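So the structure is just underneath, and the comments pick up after that.
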C-alpha cells in the first residue's frame, strides 16, 4: 500500500493537544508515522487538506448495530425500510432502513460521516454468535462488543456468595468464550425479575430468588472490572431508566464505585500521545439522558441532568455518553426488557421482547420523537445538557444511543447544536415550550469548538474504552484513521448550521488504516475491518473451580456446553487484547 | 387539457413497473420525451415506447394533463403512483399498486385492479369500475398508517385488508368483500354495499365502517350499541336500518371504532 | 361432497421425506391418503379411494382413504406432500403462503389409480397442458 | 468412532446432542428422533444423488461437474428475472451466497418461510414479538400452550426438550409442574396429552384469539363467536383464567394458526394477546413459533440483517423490496413473473400448489439436492448437495433464533465441492464471469 500524506490541513488531535495547527499527517503501512523518506514521499498519495479540518477517525463507543435485538428491530419494522433505500453500486451492496439499518448500510453511513470505529453496546452471551455474524458483515468499521452480565445467574450467585475469585474467572472465561471486549450491566437485578413480569425500583431492593440488590451487583462488577484491568470501565445502564425521577437512582449508582481506583492493564503498544492514554474512570454511564428524568410523573416531568452534571463535575471517576434525541424516527432497543415494555405500553405500538436463558433480556419498540410533544422536547434539551453542563469534555461522549434517541446518521445535527447557540435557539422556537421551561439548556450559551467536538467524538470515546493504542489520536503508531471535513475553521460560521450539518454528514475524506474509504461523501473503497476482544489472564485454579460450577448449572441452559462458545470463525480479523498480564 | 394516449403494443410476459405513468411525469413533455421515459421489467429498464404506442403530448402542468390507457394493462404495476394532479383513465384492467401513495388528481380504471390500489393515498379520487384485490387503500407492511385522505370507489367486489390502518378519507365499495376490512382503522369511513366474510373492523380503534349486506363471521370484540337508521356522512348516504357496534374491545379498553351492519341482512347479530 | 382440507406433517411423512424416500412405496402409502371422519366416510359409501378436487375445480388427485375420529365432520386431513399440494388453493391472500390449512375441496369416491409421487410430477406437471 | 454432540439438521429444534457412529456402510445414531434418524441414514443411503446431471430431451444424463456448473450458470445469467430459492436444509453461509447472487442479478430471493411461517413473520411485523429463548420457558413456564401445532409429528422432541416434560430450575418436577392447553381442530396425539383441548372449527383462530383478548379486557365477546369457533364462551373464560393463574406462560404457535384462513392476522392477534397478558395481570408470557424446517429461521435472520426483510426479497431495482403476495415464490410462479429458478435444499415442486409447481417445471431450473424427489425430477440441471452438519460446518438458527454452530463428523463425498456454500460460490463466480463477458 502506498504511503499517504494528508497535507496542510487544520489538525484537531486532542490527545496530542493539537488544536487547529496547520500540519501534515503521514501514514505508512496503515499506521500514523512521524514522516516519510524521500522515496516514500515520491510514491505517496497526497490529499490536499488546505483550508479543511483534519481529525482522527470517529469512534462510537456505544451504538446498537449488530446482534439479535438489533435484528429484531429490523425484522419488525419493514415500514422503516421501504422508503429509505440505497441501491447497490459496483463496489457496494445495497441497503435500507432509516433507524434499523441493514449491516452494509451501517458500515457505509458511519464511514460517510468520518467514523472508522464503532462498539456494539450489548451482547447477550448465548447469542454472541449472532452479534459476531453481523459484525463480520458490517463493512469497514473496526468493532468490539460489550458482554451483558448484570443479570447473569452465575454472576449473581458468585456476587451474592462473595466468591470474587470465581466471579473474576467467570468474566475472563466468558469474554474469551464470546470474544467480547468489556462488561455491560443493564438494569442490574431488574431484568431477572422481568422473567416474572416484575422489575426492581430501588438500588437496595433484592430481586426474586437470587436475593441480590442492584447496588451489590454494580459494586461487584466495578470491583471485578478493575481487579481484572479490563480496557474500559464497567459500562452501566442504570436502574429505573425511562421513569420520571430516575435521576436519583442514577446519582446513587454513580456514587457506588467512587472509591474504586481505575486500573487498566493492557499488554499493548500505545500510540504516542501527549495526554496519558490510560483511562482514569471507574464507571462509564451510558445514555445519561434516559437515566436523568426528574419529576414524579409525565405531568411534572422535567430534566434531572443538572444535579447529575453537578455530581460529575465534582467526581472524576465518572464518564458518560449522552444519548441525545435529535427528533424524528427512532427505534428503542435495549437489554432492559421492563423499561421497553413500559414505553410500549405508553405508545400502544408494536413491542418485541426476548428474555434469554439464565442471562439477560431485551426489548424493542418503534418510537417517534415529536417537536410538539412536551416530554420529547425536554428529552431533546436534556441530551444536549448532558454534554454542555458537564464542564470537562473528557468526561463526556456524544451519542444518540443509536437508534434509541435517533439513528447515528443524525450525529451531525447534534454536533451542530453543540457548536451553535443560534441553532439551539431556533429549535427552542420550533418545539414545545417545556424544552425551555423544564431544562437548564436555555440558559447555556456555551458553544463547543471543533477541538471539543474532536474530544467528544474521537479522543474521549477511544480513551474511555481503552483503544488509544490504535484509535482516537493522530499520534505516531496509531491506526491511520483520519477524517477530513470540508470545514475551514478560520471561516467557520456556526450560525450557518445547515452547512455545518452537511459537512459533518459527508466527510471530504475518510481514511481507514491508510486507505481512502470515502471521498466527497461517497464510498470509494472498502478497507478491511477488525474485531477486538479481551483475553484476560486469571488464576488457573480459580478457572477450573469456576468451570466445574458452570458445567453443573449448564443443565438449565437450552443449549449444550460444547455449543455455547463463539468460534473465531465468526470474526473478521479477530484481534485479542491481552489483559491482566502483569498480575 | 392535453391528452396523452397510451396503447399497449405487445403481450407483456414479465410484469412491468411503470410508476412514470403519471400526469406529473408527462407534464411539459412532448411525444418523444414521453416515449423515452423508462419503465422497469425485472432488473432492466426500457423506454415506455417498448410497451406502448404514444400519441399526443403532456400539458403544461400535471393538472392540465390527462393520460388515457387504451387497453388491458393488468401486468403493469404502479400506474399513477404518487400522482398529485391531472387524470388517468385506464380502459381496461390494471396491475398492482395503481394510485399507490397518490396525493391528488383522479384515476379511473374501467376494468379490474389487482391488489394494493391507493396504498397510503393522501388525496385525490381513485375509481375502479370493476373488482379489486387485497389491501385497497391500506398501509404498507408493518405500518399502522394507511389511507389518510381522498376517495377510493370500487364498483365491484374487493378482497381482504381493505383500509388497513386507515386514518382518513373514504372507501366506498359497491359489491362484496372478504376479510379484515378496516383492520387497525383509526379514522375515515368505509362503506360496503354487499356482504363481508369475516373480521370487519378487527383491531379498529376509530373511524366508521358500514356493511349493508351480511357479515358471515362477526368480530367478537364488537359491542352492541343499539340501532340507527338512514346514515349520513356528508355527501354519502346509507339508507335503511343498521345495528350499531363499537369496538374493537380486543385491542383497546376504550375503542372509538364504529361498525354499522344492516339490520335485515344480519338477523343473527 | 364439500370439505375443508387440512394438510400437515405426520411423523412418518417426516421420517420418509427427511430420509430422502419420497419416491418409495412406503411414502406413497403414508402420504397419498385422505383422512375422513367416520360419519363422512359412511356418507361417501366407505370408499377405498377418493378423488379430491381443488376449489376452482382445475386440479384433482386420487388417494387412499383412512377413516379416523381424529378429524371432525366436514374436514379432511392429508399429510403434507405432493398429493395434497396438488389441490391446495394457490391464492395466498397477499401473504405468499397458500391455504395449506382450510382450503375448500370436493371429495368423491374413485376407482382410479393412485399415482406415485414421480408420476404426479411427470403426468400432472409436465404432461398436464 | 463415536462422535458426540452432533447437530441434527432436520427441524428447527437443532438438537445438538446426537451421537453417531459411522462405519463403512452403516451409521448408528443415538438421541435423534424418527425424522432425525431418517436423515442421518442419508450419509450411507443408496439413493443419494452423487453425479451432476443435465436434462437432455427430457432425460437426465450424467455430466462432468464443470459442464453442469456451466449450464447452471448459463441458465441464471441468461434469465431476465430469476427466482433463487434458498431452502432451509442448508447453512446460513450457503443462503448468504444466494442472497448476494440475487442482489447481483436483480432477481428474487425467497426461502421456506414463504410456504411455512411466512405469515408468522408478517404477524411479527404488525405487532412485534414478545418472546424468549427456549431455556426461559423450560426454567419458568407452568403453562404451555400448543396453538395449531402437533409437535409430536413436526418437532418430535419439542415436548421432551422444551415444552412439556423438561425439568427446569423452577419446574423441577417437569410435567407435574406444568399445565398444557392444545388448540387444534384435530384430536392429535399432542391434544390427547393435554389438560385442555380446545377443538376449534378450522379457520376460526382469529375469532378465538380476538374473543380471548376481549375477555381479558373485561368484556364479553359477541355471542356469535360460539357458533363461529365451536367453543363456548365459558370455555374461553376458563382458558383465560388458566392463563392468568400461570406464573409464566409459554405459547408455541404452529402453522395451524399461520397457514389457515386469516394467515398473519391470526398471528398478529396471538401476539397482541401475549402483549396484553404482560400488562400487569400478574403473569408473564412469551410466544414462539415451532419452526418445522431445519434452518428456516436462519434465512429470516440473515436476510433481515443483510437486506432488511425476512423473506420474499425482490432485488429488481438494485435494493431489496418486500411484499409477500407480489415478491413471494408461490405468487411469482403462479403469475409467471420469473423466467428461471435455482432451488437449493427444498422441495418446491412437492410443496407448492399445482399452478406454481407446474410453472416451475416449465421454466429452466437448477436444483441442488441430495435425494430424488419432485424438485430434482423437475430440474434441468441437478447438482449433488452436501449434507450440512454431517459433511461440512456452518450455522443454523434454532426455532428461538439462537444460532448454533455445527461441525461435520465426516467429509463431503465429492471431490468437486466441499459444501453447498462452496457450490454456491463456484456457481456465483461462473455467473459473474458470464455476466461480465456479456
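Note that the chains are named A, B, C and D in the order they appear, and that numbering of residues resets to 1 at the start of each chain.
In this text, contacts are C-beta pairs under 8 Å (C-beta built on N, C-alpha and C of every residue); 3 or more make two chains touch, one makes a residue touch a chain.
Note that the structure is a prediction, hence the values are computed from the model and not measured.
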Pair exhibiting more inter-chain C-beta contacts, A-D or B-D: A-D
Central chain (by mean CA position): D
Distance between the centres, which are taken as Cα means, of subunit D and subunit B, whole angstrom: 34
Centre distance in Å when subunit C and subunit D are each reduced to the mean of their C-alpha atoms: 21
For subunit A paired with subunit B, centre-to-centre distance based on mean C-alpha positions, whole Å: 45
Multi-partner residues of subunit A (at least 2 other chains): 76-78, 82, 349-350
Two or more partner chains touched - positions in subunit C: 93-94
For subunit D, residues that touch 2 or more chains besides their own: 122, 125-126, 261, 315, 317-318, 322-326
Subunit B-touching residues of subunit A, taken from the complex the two chains share: 76-80, 82, 348-350
In the complex with subunit B, residue positions of subunit C that touch it: 93-94
Contacting residues of subunit B [partner subunit A, same complex]: 139-144, 252
Residues of subunit C defined as touching subunit D within the complex: 4, 6, 8-23, 54, 58-59, 69-72, 75, 77, 80-82, 85-90, 92-102, 117-118, 120-122, 124-126, 128
Touching residues (chain side subunit A, partner subunit D) in the complex: 66, 68, 70-72, 74-78, 81-82, 85-88, 93-97, 102-104, 126-127, 129-130, 133-134, 137, 194-197, 341, 344-345, 349-358, 361, 364-365, 556-560, 562-563, 566-567, 569-570
